[in-house]
Amino acid sequence: MTTITTPKPAPAKEVDKDASMLKQKEMMAAHYDRLTSAPETGEKVASTFVPGNLNELIMCFDLLNNLPEVNAIQNGLRRQSGAYVLEAEKIGHSEDVCTYVKSDIGMMAKGNLAPNGKKFPNPDVLLLSYTGCFTFMKWFELLREQYQCETIMLHTPYMGDGKITKNMIEYMVKQLKDDVIPKLERISGKKFDIDRLREYLKKSAVAEDDLVRVLQSAKNKPSPIDAYFGGIYYIGPIFGAFRGTDDAIEYYKFLRGEVEDRLASGKGPVTPDGDMGKEKYRLVVEGPPNYTNFRQFWKMFYDEGAVVVASSYTKVGGVYDFGFRHDPGNPLETLAEYCLGVYTNRSLPMRIDMLSNYVKDYDADGLLINSIKSCNSFSAGQLLIMREVEKRTGKPGAFVESDLVDPRYFSAANIKNRLESYFQMIEQKRAGGRAAA
Amino acid sequence: MATPLNGHSCAEIVGRAQDLFDDLSFGAARQWKAASPERKVIGYMPIYVPREIIHAAGFLPLGIVGGGDQLEVIHGDAYYQSYICRIPRSTVELGVSGRLDFVDGMLFPSICDVIRNLSGMWKMMFPKVYVRYFDVPQNYRDDIGGNYYINELAELRHDLEELRGSPITDDELSRSIALYNENRRLVRDLYALRIRAPWQAPAAEVYLVLRAGLVLPVEEHSTMIREYLAAAAQEERPQRDNCRVVLTGVFCEQPPLNLIKSLELAGCYVVDDDLLLVTRWLTADVPTDGDPLRNLALAFLHQSESTAAKYEPDLKEKGQHLVRAVRRSAAEGVIFACPSFCDPALLERPMLQHVLKEADIPYIAFKYAENSGQMQPIREQAGTFSDSIKLWSGR
Amino acid sequence: MKTFVGIDLGSTTTKAVLLDENCAVIGRGITNSRSNYSTAARVASEEARVDGRFTLFRRALGEIGGLNGKLDDFLGALERAFRLEQFLEQLDDLERTCVGLVTGERFAGLETGIKEALGEVFRRLRHEAPELYAPGAKRKSDFFRDIAGSRYHNHAEEVARLARLPYDLLLNVYDKSIIDVENRPPSGKLSDKFHRALRRVIDADPSLSGIGGVLPAIERALAIELEESYLVGTGYGRVTLPFSKEHIRSEILCHGLGAHMMYPNTRTVLDIGGQDTKGIQVDANGIVENFQMNDRCAAGCGRYLGYIADEMNMGLHELGPMAMKSDRPARINSTCTVFAGAELRDRLSLGEKREDILAGLHRAIILRAISIISRAGGVTNEFTFTGGVAKNEAAVRELRKLISENYGEVTININPDSIYTGALGAAEFARRAYAGQAGRRES
């Protein structure tokens, strides 16, 4: 009974889109339209970073929030970033550096077009939120050189000792009060109204509550969400230009309802190929995803019945699942605390604690690390993280390697091999356990 | 060879410096510590820490800049993927192989994410060692960044006091500042000699003498520099038809000694560089009266070197420190030597190159690792660069 | 009897291993990998079955005293004769196919001449074939394509010259035929081939037919049906393997389990292949607990040695022995294949000795491999070293040194047949899967 056969390819399925996904698409499209129309409407534009994104503050000055990281991600998802990265390298940027930066620079060199096909506006100010990543400093120095525009430095100290100190908060509050806000006032021509900030912060907290409910739904079996691939969509509004808006509140209310529905009917997460089948593996994932081959990467998981129940990347723009909420009662302090607490600003021991706890709290089979070649902030130390989490949880870890938006560093065969080996490892361990029982 | 002033010839001084450089077990520092029970050793990584505070506690600041090309990394590779520079893995190797077992503390300055994350790793790998991530302000206003930094310095002082078991007085701090002021003056003299007569003081020798400052007590190091300055002046060394260059990018992971030698052999006098910036990070004497921490903080904010890891708030100023270095040292070009995978050096490079272009200063660029073995391509590039400067600069 | 088949589709060769119910290896087969994965798998498993048949012969004949210590000689002769029969069969196929292609414009007017020339070429090939399979004959390769190819080219050139015919026409029909011939399943029954082979052996030594029990034993062994109870395939870098999902295991797991089968006490496995390096930790049951791979870059892999051999104008197998002559390995800092040549030339020009450079290169490769192992959890006793590079004594010497310097006393296992590790593991997975199903069937 030889079983040497060639399997037939599965028939293509209709791509399923959740209602919340559609809402988000609208929000993003509207935002890009607003950005690209800024030269006509006269709206002013501020660029900033996702970790340390002070969206509420930016809105106080009626500035439009442009996030180059999000633009790079969009380029990656649309498979344009490869060409942009090459362009940047041609101009003289090293192969070794962050591909978000190179995608951005390459995009600028090739017409600076937004996803809607129109030109990005020149920013009126670069709010250099120096939070959790060294490369940010250089990125905005490069953009400053390009756009010849004003740049405001906001330094978020690193939590080297695993905690927030009085000195850190004071430093940040002072920067905001005596440096950042006066400069934003001058550039925007709008006076700062702290009550307006409080209003936005109140709204942020409401959305954050619902977001956390959504994230924690993954503790259930089966999990109704995928907290990594699906999670990228869920964090869009809260990490982007919408935190503090009614739109975001609505989106997360919507999303939470959908997730609760799925939970009630015992459904697994939604995937591009429809509802995922039987949940076989539950994983915690550390590290950013690959964007150029996002779908392909995701498919390697759900085809095997693997769902991600918690991830660290969905905390890179803010950590809300341990109780922190934006607090309108202490507006400047809360902005500081928010910046200090983002995932990439946490010390390595803090990250290990977080990931180990995720494995336990979400009853995962193990930790998977997607190590990104061009991102040192995440990658340096991940091998130690893996070993420590394995030690503490007693569960096996897996290590795959790729990149953010440079398709040259995504090898499907390579990753699939490691993933499948990992799933089979887990399977064999379970079988061994059953046999022993 | 002329008789030197105080008995030590150039060869002897450089020989000693070379021995210190080669000793990956830090014998000299161990000996220093063993001589007295209250002595402790605090290691630090590039680019800058205020060594004065460590010295004031009666401790030895020990500069750790990786394991170099003589150290094979076996265990260190278990901690880092291949697309990360070599300095953290060789530093980990030094740690896990026991070569740093006499070190009581480690300071990791904020220079990049790799070193930043290493501070957390070190805490976990060596729980008995005092580990601190040493942050510096990127805001240069006295009342904002300055206050933050003074508090950081105070925390460091407090931690060292705990280690010492007794307070560190302001007097002790000011005395240490004075000693380091002198050391920095001597380092500046050393660089002045290289600018004046680079053939008298080969770059590799100067490097070794500077590097000795990372492992010797500051008083001894100052003596060594003084002796070298005198001895080098006495040497009969031929002047070569070399061009003059500024070497930049080498502020953290160090190039192999052979690389520095190769540059000069290939025709480029290195008349200024950013090797071992800690030795002259503060560019003027720090006041020794008044509040020493405040003095150190203000010196950092207003009188310190520029480097990739330090934010430049003024666009017009960006890169000008390099142009000034070129003019000051009468250099004819710049060599960018960046370690592979080094974010600060590599991200900074295009901006610096634009500024140089505007100022009509030629440059070349290449990458290296602390254990690079192939000098041939380096010699070729440097040699061609030197030729092109001599032929085309209208000299 | 029940057999369990493991197939490993590697980048250069495809291997198959047959296990019986008692975990004993009955047969192993290997063939060159080709673009049609199903065919490669089938050919390899056929080879393993042939090898299995010989194992059965050995078992059956082992019980008969009459062969008096000449068992190995007899089986050796039988195998050579069998291989010869296989070769002749494929030669016939090749001749038929080539002749069939002598049509069309290209051959206009020359058909008869070419067909005659072909006849002569194949007559010569058949005539010399027995030499190729004589005892002690050294063949560069055991694959039909390799043997037939080089011999065909030689004879065709001479015959074409003598007959004053264009040589390239003879080449043309060969090129167009060889792939089909290679991929066609052998015609005729396997047992007929065995009988013909047996006939050859007895003709050469008629006394054998006198030994009681030999012929009946062979017939008994031939009659045993090798039932393929379960099959597991593995292979890296294939978009789709020619097996259904439950019959596939990852090649990392197969490799780990295969090493465990060979050395039940092994915990750490290092495999340096042609283009990738794997560091694997297995538990007491042979299941992988941890692994790291270098599969993006050929530095430090077998291919690197290939480049070095080319640069130094040496054979791959000569590198090790020359490196062994050195006791002062040069310090080589990079095993980047791209710069291998440049680094080599640089050092030679600086006067460094070849053997020192080679020793240094071997050390550099092993250092890189140890990096991967470090990341995969270090070295735990026992340590198994597999892959082509494991046959290189200089590499092994460096490995022993590095392990003893950094991990102390560790037993290092090296098996000359480690190329079958993956297929062996796959076969064991097949056996375990079948046993698991049987367990479920009974309950």
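Things worth noting here:
Labels A, B and C are assigned to the chains in the order they are written; within every chain, residues are numbered from 1.
Please note the rule applied: contacts are C-beta pairs under 8 Å (C-beta built on N, C-alpha and C of every residue); 3 or more make two chains touch, one makes a residue touch a chain.
No experiment lies behind these values; they were computed from the predicted model shown.
The interface holding more C-beta pairs in contact, when B-C is weighed against A-B, is A-B.
Closest chain to the protein centre (all Cα atoms averaged), using per-chain Cα means: A. Between chain A and chain C the centroid-to-centroid distance comes to 48 Å (mean Cα coordinates, whole Å). Centre to centre, using the average C-alpha position, chain B and chain C are separated by 55 Å. Centre to centre, using the average C-alpha position, chain A and chain B are separated by 37 Å.
Residue positions 383, 401 of chain A each touch two or more of the other chains.
Residue positions of chain C touching 2 or more other chains: 375. Shared interface positions of chain B, defined as residues touching 2 or more other chains, are 78.
Chain contact summary for the complex, chain C toward chain B: residues 294, 297, 331-334, 339, 342-343, 346, 367, 370-371, 374-375, 378, 402, 406. Chain B meets chain A in the complex at residues 78-81, 83-84, 88, 108, 110-114, 116-121, 123-125, 132-133, 135, 137-139, 141, 143-145, 147-148, 151-152, 155, 308-309, 311-313, 315, 318, 338, 340-344, 346-351, 353-354, 367. Of all the residues in chain C, the ones that touch chain A in their complex are 37-38, 41-42, 45, 228, 231, 233, 236-240, 242-245, 247, 249-253, 285, 287-293, 295-296, 375, 377, 436. Of all the residues in chain A, the ones that touch chain B in their complex are 91-94, 96-98, 101, 128, 130, 133-135, 137-139, 141-142, 144-145, 148, 151, 153, 155, 157-158, 160-161, 167, 170-171, 174-175, 178-179, 347-352, 371, 373-374, 376-377, 379-384, 388, 401.
In the complex of the two chains, the chain A residues touching chain C come out as 1-7, 383, 387, 390, 396-397, 399, 401, 411, 413-414, 417-418, 420-421, 424-425, 428-429, 431-432.
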